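Below, each structure is written out as structure tokens.
Shared chain: chain A. Partners: chain B in the first complex, chain C in the second.
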Partner chain A sequence: MIDSLFVLNATGKIIIEKHWRGLINRQLVEYFNDQFSKQSSPEDLLPIIPTPKYQLVHVYRSGLTFLSPVSNEVDALLVLEFLHRIVDILAEYFGELAELSIRDNFDIVYQLLEEMMDYGYPLTTEPNALKEMIVPPNIINKVISQVAGVTSVVQHVPNGSTISSFPWRKAGVKYTNNEIYFDVVEEIDAIVDSNGAIVSSEIHGLIQANCRLSGMPDLTLNFVNPRVLDDYSFHPCVRYNKFENERVLSFVPPDGHFKLMSYRVNLPHHQSLPLYVKPQIHIGNGGGKFDISISIRNTDGKPVENVLLVFPLAKSVSNVNATCNLGSYIFDPVTKSIRWNLGKIELKDRTPMLSGNFSSTEQTPESGHTITIDFLINMHAISGLKVDSLKIYNEAYKPYKGVRSMTKAGKFQIRT
Partner chain B sequence: MTDFRISRPNFFSTPKKGENYELRADLNSEYRDRRKDAIKKVIANMTVGKDVSGLFPDVLKNMQTDDLEQKKLVYLYLMNYAKTQPELVILAVNTFVKDTDDSNPLIRALAIRTMGCIRVEKIIDYLCEPLRKCLRDENPYVRKTAAICVAKLYDLSPSLAIDNGFVSVLQDMVSDANPMVVANAVTALAEINESSSTKDIFIINTPTLTKLLVALNECTEWGRIAILAALAEYKPADSKEAEHIVERVVPQFQHVNGSVVLSAIKVVMIYMRTIKNDEAIRQLVRKMAPPLVTLLASEPEVQYVALRNINIILQKRPEILANEMRVFFCKYNDPPYVKLEKLEIMIKLANEKNIDQLLSELKEYASEVDVDFVRKSVRAIGQCAIKISEASERCVNVLLDLINTKVNYVVQEAIVVIKDIFRKYPHKYEGIIQTLCQNLDALDEPEAKASLIWIIGEYAERIENANELIVTFLDTFRDENSQVQLQLVTATVKLFLKKPQPTQNIVQRTLQTATSECDNPDIRDRAYIYWRLLSTDPQAAKAVVLSDKPPISVQSNTISSSLLEELISNISTLASVYHKPPETFLGRGRFGADAVQRRAIEEQEEASRESPIQAQTKTNIENLLDLDFSDTTTAVTTTSSLPSSSMSFTPTANVDDLLDLFNGNSITPTQPSNNQNNGLSNDLLNLF
Partner chain C sequence: MSEYLSKAAAFAQNAAKLSKKVSEGIVENAREFGLEATSSGHYFDTSEEKMRDIKRQLDSRHDREKMDGLKRLIAMISKGRDVSEFFPDVVKNVASQNLEIRKLVYIYLLRYAEQEPDLALLSINTFQRDLTDQNQLIRAMALRVMSGIRVPVISPIVLLAIKKCMTDLSAYVRKTAAHAIPKCYSLDPSQKDALVDVITTLLNDNSPFTIGSVITAFNEVCPDRLDLIHLHYRKLCRMLIDADEWGQIAIMGLLLRYARTQFLNPNPDNNRVSQKKKSKAFYSDEDSDDSDNSLDNSYALDPDHEQLLRDSLPLLQSRNSAVVLSVAKIFYHLAPTADAYKISKPLIRLLHSHREIQYVVLANIATMATQRPYLFEPHLQQFFVRSTDAVFIRNLKMEIMTLVATESNITGILRELQVYPNKDFATSAIRAIGRCAIGMPDMAESCLNGLMKLLWSKNDAVVAESVVVIKRLLQLRPKDNADMIIQLAKALDHITVPMARASIFWLVGQYSQNLEKVAPDILRKAAKTFTAEADVVKLQIINLGAKLLSLHSTDHTLNLLFQYVLNLARYDLNYDIRDRARLLRGLILINEKKDTHMNNMGVEGVEEVMRSEESSKSTILMNNLKRILLCEKEAPSEESPSVGRDRFIIGSMSLVLNYSVPGYKSLPDWPTKKPDGSVRDNLDDTWNRNQYIKGFGSDSFGQFVPSSTYDKLPVKQRNETYDSENFYDFYESSDDNKNHDEKTEESSEAETSEEE
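Right after this comes the complex of A and B.
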């Protein structure tokens, strides 16, 4: 179980401190800060650090450290998953994860921590259930409570969420317009070598739902081709056995936004990535030349949008001269990288190219940096996964249904 | 807060009175808002470490309210300062007890939860009655909160929890209709069982097993983890039962929470020990791969724990991820701790089929910026060469390519691993020695230097200018690291034995310097032994120094089989991350003396079991030295014709003891000396 939680700001100062099993001396945090400051980058610190009495499990997000010392043998992954959950919940409650929002709402933070964990064991972590017990802050709530002195806490029991056989759905939901939307979002993680050969590639998909349906609808969602999935995990509402046997998603949805399903697909070998980056780099005397071109391959006729390519150069590079035939580029002298912002690439466009040269204070600047690229393709799921139909049972109304797909770059890296 | 008080004793405290005075006035204000704001301010002060315990009675007055938020804040304050104000807490008891009768279940649960958290002796007696009520509450939210409260009470007073029948109520609650209550009852029971001396509080029998399996599919993610942990402790009666349980556990592989997934994998791995049906095992192994791969797409922290566990799982079931090498390829922006773990696993997965792919990947890593990662990648190439003999030539070629990059640390690391390759495949790659020697000037790290010197000594007869090369090192003998010095002494002697004529001077000079000018006893002793050997019986010296080395093989970071089984039982826990049994890193001194002793003995056994492997795998030069060293002593003990010298050490006994002190590994060859001696060395060993 988890003994305590410290939330530290960027300088290592404690901004939230919660003990579930008796006080832990703050000196422990000083020890942690020592370790922390030894790293060249905060993300580099080992997530679990042993000390004689406590094992320090921590997560670093948005400049904040969530540190949990544990004194007994625990499920390490449980602690990490719980910390991730705290991070998610705080971000959801305050709109962003930041020191200021946590400081401003410390009373809510403490109430949340109290509700999320008891005696070191996770208690309630479902966002919907928490929101029924502790109302998220918003301007209107604040105004009302200041003007009328009305408390911001919901005065009813969290009955729907704890007693019903569908703990994720509250009873008595009513909408005048019944509608449900699904977003199929796929991210491509890929490593491509300088010749354009795929070293590794994977697609991580997520089906995000926004459900605004009255009553207790029981839904069945069919895919055209569920076989493409290599691995999948579901929101607790999905009936697992039904999917195992019939490959359909059968569920009573939570109200509002939720992640219905996430999945992984290995890109088949014969299928190509949506775009290819071809870098040609020549290191010469005190500098070098480069030519980077991007070609569109497999986008089902859709344009590629929000394209941003980042090309890091050696630390010794002082100056860059280049031209591009699409978008614009800047050289960031701090990170020593070229950021080429292409915007939208239409299929009819000429092959986008960025070429130029750089000068370096070193005779032979180091090479071998990895290019990353960001992009987005609307109305296209690279895995080929398609929703076939959605049927609704247990309710008489006919809801409006919508499905949207999108493919994005995840960790898309090109070696040079 | 205690530490705050220590760092700033009361009598030195700056007059914070002003602020506290104002807060006190506000806490007693007739206006509700003002009181509530004051409470918030008090909590805010508490958070930044200011001592606001003096306001205890004033805060307490605000406990009785129908404003739930305010009540929660007061409770928060109470939990923090109850320890320092135990007499005053009694004043709160009445409100607590009243709240456990409230019509709102949220308030009932809150009251019982908070009461349990106030770890004050005096309040315990008042806790029992409300707890009894809450355990039987009609609302499951209250019941599940009360279940955890029993564990809190047990921690404070085990007898009270048992005598009041709370523990047996908890045991009944495992059969509760609500899965959430079941999960919390299991959590509480597991905790109580762990801290009980008898360990018989939570025993799973067939009816509870059924309940657990039903609850498993219905409760929250955290409840599932608790139930899976309980299942991991259960010993299935036979293969059939194990298969039946596993069938219910496997769907948990599809949970979004990585911790649920890994807990399920733990249960399956443990139950596979009992399952006799080969087909079932094959099915399970097949089903385990995708969720493990998916874990690698999570946040880096989760990846780290997953990778450490995959490392264990692979050693037990190497077939699981045999075709998944690619998913372990490193992204350039993976955190360093993830990259290093991935490397380990790639070496484990390397085989004839995927070696080309792996080598080109490792070569790619060797050009990255992170020096530590580059070194480990070069080392990995060497380990592949040793592991897969069919591919050794390709590995050596990649290493040569890397040496040609002339990047200093890459060259040095490559030379270190090539030395191991020479050990594994003697006389196979002599052709590359010339290339290695060309980089002599670039070497500045002791390990790389020592490795190259070892190679020169070992292949002295093939290297035309071996003596010149050695001489260049000898000039700076005194300034070298002891590792290099030891290797130089040995290499010089080897050189002399292979090419006596031109090197007589060199060996004389080296041994002279080593024996008379070195502070390090290891080096002096070794030089003396060589010297004596050479002067007494050159043939024996040849037999000793030029003897064949035992072969090496790579089982990179292999875990001994008993530890492996223990770690598999601990998948997903800290032990699985550290690859150590829990007792070795947890709460020092909290375990009984015999537990420590038992652990020490086991560890020693493990060490002696592991040592042959370590000696083989550790690319560390010191182990090579140790092997040379022990070879030497074998000969010393057998030839035993040493004249007693002016040095006057009684050779066998002393050398043995010294050896035992320095390395437990090498006792085997020295064993046949004599009984007394054995006893002595054993005693010495036991000390460590």
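Right after this comes the complex of A and C.
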């Protein structure tokens, strides 16, 4: 089981330490830092490092390392999943995860760790249940504590009598305006060959909900075309068997933000990607020429926004000279890559092009780097998944309902 | 704002400095200012005066002061400073009326109780009082903290508290009691018997909220008492879906071990070829998979065995990757092979998760693929490497690609792998191509051709690795490799990497019989550059010479050439090379008198003595020279890095690390004779479906509430029926019909088992 947790900042300094099964010497962290510094990139360090006594399991997110020494056999994923869950909860409590936010609220962090894990076994990990026991920091709390002056501490005694029968939902939620929003976010992961052929492509979708409903609503969400879903996973609140049998999502939602469902869709072969990148690169003597064009297809008439193309060049490249007909580009001399920021591409725009040449200190600079592109299409779900209706049972009010969809580039890579 | 903050902070600091000179009252005011402006940062101030201040704060009558002092202490703990000296002052506050203060005291207490056992005992009374509190959260917290104090003396008190709490009305308190069991066990292992009794009682608990923690305690305290599980097996299967995520993992871990001891192997004829064919048939009509039929027609499973598979299946849709992998573990180790395909898609889904989770999932997929590659073959594209993948991920991906390679997809894999050498992970890709070729001799030709092209790459590492892999492949087919070796020899002029050059010389020497014309010339060229070569290359050049000469012992030119090389080697800086030269000289040139005359006296003296002693043996050596130098060398077998992982249970830490982590228990073997299944018949206990609190995800819950039922209810009644406490009761009444059916089913089951 999980013995301890150390939270380390970017320089490897301990900012939080918590032991569930007796103390573990801090020297262990020094050993870890040694290993950490040996890697060229922090992301290349093996997630589980064996040492004679402990297995060092760690996750690296937002520049912070969450390190757990584990002495005995345990499911490896249980530890990793739990560490990620801690990070998620902290992010939810403090808005953003950063060294500063953790240091500012270290007392809350310790209280959370105390509630989330008991003797190395996960205890309460549902955000709703946690928030009932430990109040997240907010302006109002701070103001109250200031106003109350030096003599007293506002006491938050959770009302134990109304503990909810659903572990994920608070009891006694009340809103004056009842509303619920769904965000359907789809990410395209694709590898495209230099000649435009799709090597692999798939869509990972996520339905994110923001629920502000009073009482204990029981919701049923229908899709127009649930058949497109290839594989899916649900928040524990969703009734699995009901989906299996009737293809509807039936659930009593948690309060606040939560991930209702995530799914995977295999793009049919005939369907094209929303945009195509055509790179043409000629390596010459001591440099080379390049010509990159982007064409838009299949976006359902919607513009493509936040387009950013990153084109890495060989390490020996010293200078780049290029022109583009849309947006602007910069050459980053440290990473040796061209960042072409196109902003928004309207359908009626001319085909965006970036062409130019580069010089290199080497006779024939290395080629074959992978172009990555980032983009966003609002109000469009590439898989075609559509929400049909949302019904609410068990509560009398009529809530305001909203659905939004969005398609983003995930790991969208073009080989050259 | 920040300016204001810093100013205020500075002011606070100034005020603190003043504190030496002025009276207490002024300090209070100064801090008041400071507190209002700064954030928690000031808690990390460790100057000596601040430390002295903490003691005063802890003794203060004001909650806020205490709170401040405690926060400061905890900040010290974070900084790695030992603040155990404050223990007495902190313990005093354990009885504080303020819950916020108590929580912080607990954090401190749990950290230092081990070092101050006597003082920690002072707090016990407060906990015992809290155990009778009205609020279930307070009761639970008291038990949790008390059992967490690592002072062995209190173990009897903890045991008493556990016994008190295990009958608590609140499921949350009972859950905490279950969590306290392993803690109590570690404090005092002699309490084991009493704790097993507690676990036995708690196993009767019908709340899905509690059961996961009970099983966790079971797994830690008495994992071998599987006899306690018999009566609860069916209940555990049914409750699986309603337990919390972490509980599900523990329950599946237990049920896996239980099933391995109680049921028969579902794949009795463990013939892998037939399995492979069978499951391939599955893929062909994958679209029409009706999941439940397949369970029945493959093999007559015990109904309980089947129930476990059926009840764990929906959990493949869990958002928790550890749960999904646990189901995979159940299906991989317990299910008929024809059913195991159900786990592949969800596992692939996990690859979209965080890097670390991807790594573990890939390691497990690689392990499964060594035994059942067909599970992941349809998802080949998911294992294509992205340029942004971390090193450990791309290595595993390439390994999986080579493992799932078949005749039909190998061309695709090779095409994909051949893209990689342009990237910075070329070497591992080349090795993967090699593994493919070894695994599939039919494809070796195209692999070789692909690799030969890489010889002209500009990247030294790529060239070196390709030569090494080519060498390995050529060794596999000693008959017709002459053309390839000649091509390699041509590349010698531009290959500079020592290991690659050495490999080529070795190949030429080993197969010189097929290279009658070229080989001597290669030796000639090598002799010219000998002095400039690296040590490995020099050794192989000497070997090459020796091998050639053993084939053509009469060739005068060759003889001279070899002697020239040997003479160069004799004065080499590296003693290994000198030794090798001496050995081969003794072996090959020993009978040639010319040689001895030409040699210098120093070394030769020794040789002569040896020669006179062994001259009779030397002829035997001479005759067998060819067999000594050119014996058939076994081609090295390329093992995939995951070899050995398959001895571990899927999902375990040991599997990822490929060694046995302390506490790892291997899976019990299937029993050879079917154990009595009737032990699971739970007759006297009437827990069954009626009493068991229906959880949210259970079949009955979802299925038996047609949405129309809601609409028919008048609004008023609806509000009454659906308050959270009674939420489930309504459904139970509507379930009655179903329960009847199930009961009759069960009785018929019982009958059949009686007949047996």
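Operating definition for what follows: the second predicted complex is superposed on the first by the 399 of 416 C-alpha atoms of A that agree within 3 Å, B and C clash if a C-alpha of one lies under 4 Å from a C-alpha of the other, contacts with A are read in each partner's own complex, and residues count from 1 in each chain.
Convention: a contact is a pair of C-beta atoms (placed from the backbone, for glycine too) under 8 Å apart; a residue touches a chain by one contact, two chains touch by 3 or more.
Bear in mind that the values here come from a model prediction, so they are computed numbers and not experimental data.
In the three-chain model built by superposing on chain A, chain B clashes with chain C.
After overlaying the two complexes on the shared chain, residue contacts for A:A171 are found with chain C alone; chain B is out of touch. In the superposed model, A:I330 makes contact with neither chain B nor chain C. In the overlay built on the shared chain, the residue A:A396 is in contact with chain C alone; chain B does not reach it. In the superposed pair of complexes, A:A10 makes contact with neither chain B nor chain C.
A simple residue count on chain A separates chain B from chain C, and the partner touching more is C. Once the two complexes are overlaid on the shared chain, A:M379 sits clear of chain B and of chain C alike. Of the two partner chains placed around the shared chain by superposition, chain B and chain C are both touched by A:E114. Contacts of A:V224 after superposition on the shared chain: neither chain B nor chain C is touched. By the document's definition of touching, neither partner reaches A:L347: not chain B, not chain C. Once the two complexes are laid over each other on the shared chain, residue contacts for A:I48 go to chain B and to chain C alike.
After superposing the two complexes on chain A, the stretch of chain B that clashes with chain C is 616-624, out of 4-12, 598-606, 616-624 or 634-642. Under the contact criterion defined above, the residues of chain A that touch both chain B in one complex and chain C in the other are 1, 14-17, 22-23, 26, 43-44, 46-48, 50, 55, 59, 70-78, 80-82, 84, 106-107, 110-111, 114, 118-119, 121-123, 125, 133, 149, 151-153, 155, 157-159, 162-163, 167, 189, 191, 199-200, 202, 204, 230-236, 240-241, 244, 259, 262, 264, 366-370, 411, 413, 415. Residue ranges on chain A touching chain C, taken from their complex, read 1, 14-17, 19, 21-23, 26, 41, 43-44, 46-48, 50, 55, 58-61, 70-84, 103-107, 110-111, 114, 118-119, 121-123, 125, 133, 146, 149-167, 171, 189, 191, 199-200, 202, 204, 216, 218, 220, 230-245, 250, 252, 259, 262, 264, 364, 366-370, 372, 391, 393-394, 396, 411, 413, 415. On the chain B side of its complex with chain A, the touching residues are 1-4, 32-33, 40, 43-44, 47, 49, 67-70, 72-73, 75-76, 83, 104-106, 113, 116-117, 119, 139-141, 145, 148, 151-152, 180, 184, 187, 191, 217, 220-222, 225-226, 229, 251, 254-259, 261-263, 290-291, 293-294, 297, 299-302, 304-306, 326-327, 329, 331-333, 335-337, 361, 364, 367-369, 570, 572-578, 582, 585-588.
Those residues of chain C that touch chain A in the complex are listed here as 28, 32, 35-36, 39-41, 43-44, 62-65, 67, 71, 74-75, 77-80, 98-101, 103-104, 106-107, 110-111, 114, 134-138, 144, 147-148, 150, 170, 172, 175-176, 179, 182-183, 186, 209, 213, 216, 220, 241, 244-246, 249, 253, 314-315, 317-322, 324-326, 345-346, 348-349, 352, 354-357, 359-361, 381-382, 384, 386-388, 390-392, 416, 419, 422-423, 458-459, 651-657, 659, 661-665, 696-699, 701-703, 707, 710, 715, 718-719, 722-725, 727-728.
Against chain B, in their complex, chain A makes its touches with residues 1, 14-17, 20, 22-23, 25-27, 43-44, 46-48, 50, 52-53, 55, 59, 70-78, 80-82, 84, 106-107, 110-111, 114, 118-119, 121-123, 125-126, 133, 149, 151-153, 155, 157-159, 162-163, 167, 189, 191, 193, 199-200, 202, 204, 230-236, 240-241, 244, 259, 262, 264, 366-370, 411, 413, 415.
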